[in-house]
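Each of the next two complexes has subunit A plus one more chain, namely subunit B in the first and subunit C in the second.
Presenting the complex of A and B:
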């Protein structure tokens, strides 16, 4: 675990340094230069953080669905702990995606919030997962809470791909897509793509590190609360 | 001062990002150590 933490520490530090220090130039002459993305220019650097955060929230919601299904099959409360921890982290990363997106929107479109299809869909997703935790806190009995939450997590998980990937692509949006566009083409050079994919990998690693800590903490809390009863 | 910040805004954002990441990293490391201690207490 210590080796993983050390590698992740160096990895994400390197990603941050590359993302900010590699110059964005109109004509690439050196290996460490990024191409200019029309309409984004220097603002394109937030891509290395905003997209991986959104990706990590998707990972969180998918993990939540997997353990929700497992809970319904096994009825082990440990699976419920794993499912709710994953959903919590998914919600956290979704909120961070919204914040970084709003900062990007301010500099690209002139205001923090525009009710753009992508912004609206992520807002609906935040509400759906916010309601998941409201549901959990409204039921006292552990088994009943876990069963209801598992069913809700599966339904919420079904809406997630539609809200994250489908809806923003079928309605005209201000959201930029010259980088990874609707045709699935990636308009980055090799260096930019390497830094971007490294960032995706780093954020996924960070997610699983925080996830393992959250699950261990939730297990301890559950053990102590059940001993207290 | 404002001119200096405007001219070096990229380095300023880089410094803030690095400090933020360092803070998160060491917080998570400390949290992991604390959880391990609590888990040991629970086992004994």
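Presenting the complex of A and C:
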């Protein structure tokens, strides 16, 4: 664990330094230079933070759904602790994605919120997380709470692909997107792609590190509350 | 399994819900009055001004969505409140109960949507439809999808506390993909002729219905047993 933390700290520091310090130039002559993306220029740097955050908020959702399915099979409360911790972290990353994206939108598109399909889908993910925790807080019994939350997570997981993959293809989007939207494709060079993928890996690592901490914390809290009874 | 098999139990649950609804007419009366109230608020706020077609399509679906939210959760909540759920659990198995209630909700919402759309078209002269088949198909698919999502969330909410407020909160993010698509389909029905103008939207709606029903089929047993 200690080694993992050290590597993660070093890795993310390197990614952040590269993302901020590497110059963006029209003609690439040296290995550490990023190409100019028309319409984005310096604003392209958000790519290294915003996209990994969005990615981790979806990872959090997927982890939550996986443990929700496992809970329904095993009925072990530990799986519910894992599922809800994953969702809690997902909510945090989802909020950060919305905030960073909205600030970027203000400077690129002129307003904080435009109901772009991607903005809609991240907003709905935020709503799902909110509804998930509202449902959890409305039930007192632990196992009933866990079952209802697991069922809701699974139903939400089934409808999520419609927002993530179907809606952006039907409705025209302004979003520059290196992965899904081919019209607004961002042309990256090798250096940029390397930093981007490293950032993606780094943020995923960060997610799983915080995730293991919150799971341990939630287990301890659960143990204390069940001993108190 | 008790006599009658899968379809028999489904039909029996459906008959039971229908006859208890016909006896009390609770949902029908409440939903009809809800529709009249909401429509009159829309009329008061519009006065005689003309609005773009997208607004009409959106408003119609806002009406249908909130009508569904106020009526469809009852099927499971009443079982829970009257304490009849234990009897139902003893005498049946889970899946047919779900399908019986789903069928009841789908038919209730289809009837309601039909009345609502006709009323809407009568009182708001700006609601002009170029392609009636497109409108009918999208209303039908949208209603079936909305009823499917509402039924499983209704089953979920019957087990929780603070049901009234939680129901739309839980349902909205689940049905939003459906609502966005069906509002587009309705707008197309008002702007273009030919039933196949909204083909992409039909495909999305049908796959949504299939996905939500497959998920409901898989998870309902866990809610029911609890």
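Quick notes on this one:
Criterion: the second predicted complex is superposed on the first by the 218 of 229 C-alpha atoms of A that agree within 3 Å, B and C clash if a C-alpha of one lies under 4 Å from a C-alpha of the other, contacts with A are read in each partner's own complex, and residues count from 1 in each chain.
Here, a residue touches a chain if its C-beta (ideal position, glycine included) is under 8 Å from a C-beta of that chain, and two chains touch if they have at least 3 such contacts.
Quick caveat, the model's predicted, so the values are computed rather than measured.
Judged by the touch definition given at the top, the superposed model places A:158 against subunit C, while subunit B stays out of reach.
Touch criterion met: A:5 reaches subunit B, while subunit C stays clear of it. Once the two complexes are overlaid on the shared chain, A:134 sits against subunit C while remaining clear of subunit B.
A count of residues in subunit A touched by subunit B and by subunit C gives the higher number to C. Shared-chain residue A:32: touches no atom of subunit B or subunit C. Of the two partner chains placed by superposition, only subunit B is touched by A:209; subunit C is not. Judged by the touch definition given at the top, the superposed model places A:223 against subunit B, while subunit C stays out of reach. In the superposed model, A:13 makes contact with subunit B only, not with subunit C. After overlaying the two complexes on the shared chain, residue contacts for A:167 are found with subunit C alone; subunit B is out of touch. Residues of subunit A that lie in the contact sets of both subunit B and subunit C are absent, per the superposition on chain A. Within the complex formed with subunit B, the subunit A residues making contact are 1, 5, 9, 12-13, 16-17, 20-21, 42, 209-210, 213, 216-217, 220, 223-224. The residues of subunit B lying in touch with subunit A in their complex are 10-11, 13-14, 17-18, 21, 25, 28-29, 31-32, 35, 38-39, 42.
On subunit C, the positions that touch subunit A within their shared complex are 149, 152-153, 156, 159-162, 166, 169-170, 172-174, 176-178, 180-181, 184, 200-201, 204, 207-208, 211-212, 214-216, 218-219, 222-223, 226. Those residues of subunit A that touch subunit C in the complex are listed here as 72, 120, 124, 127-128, 130-131, 134-135, 138-140, 143-144, 147-148, 150-152, 154-156, 158-159, 162-163, 166-167, 170-171.
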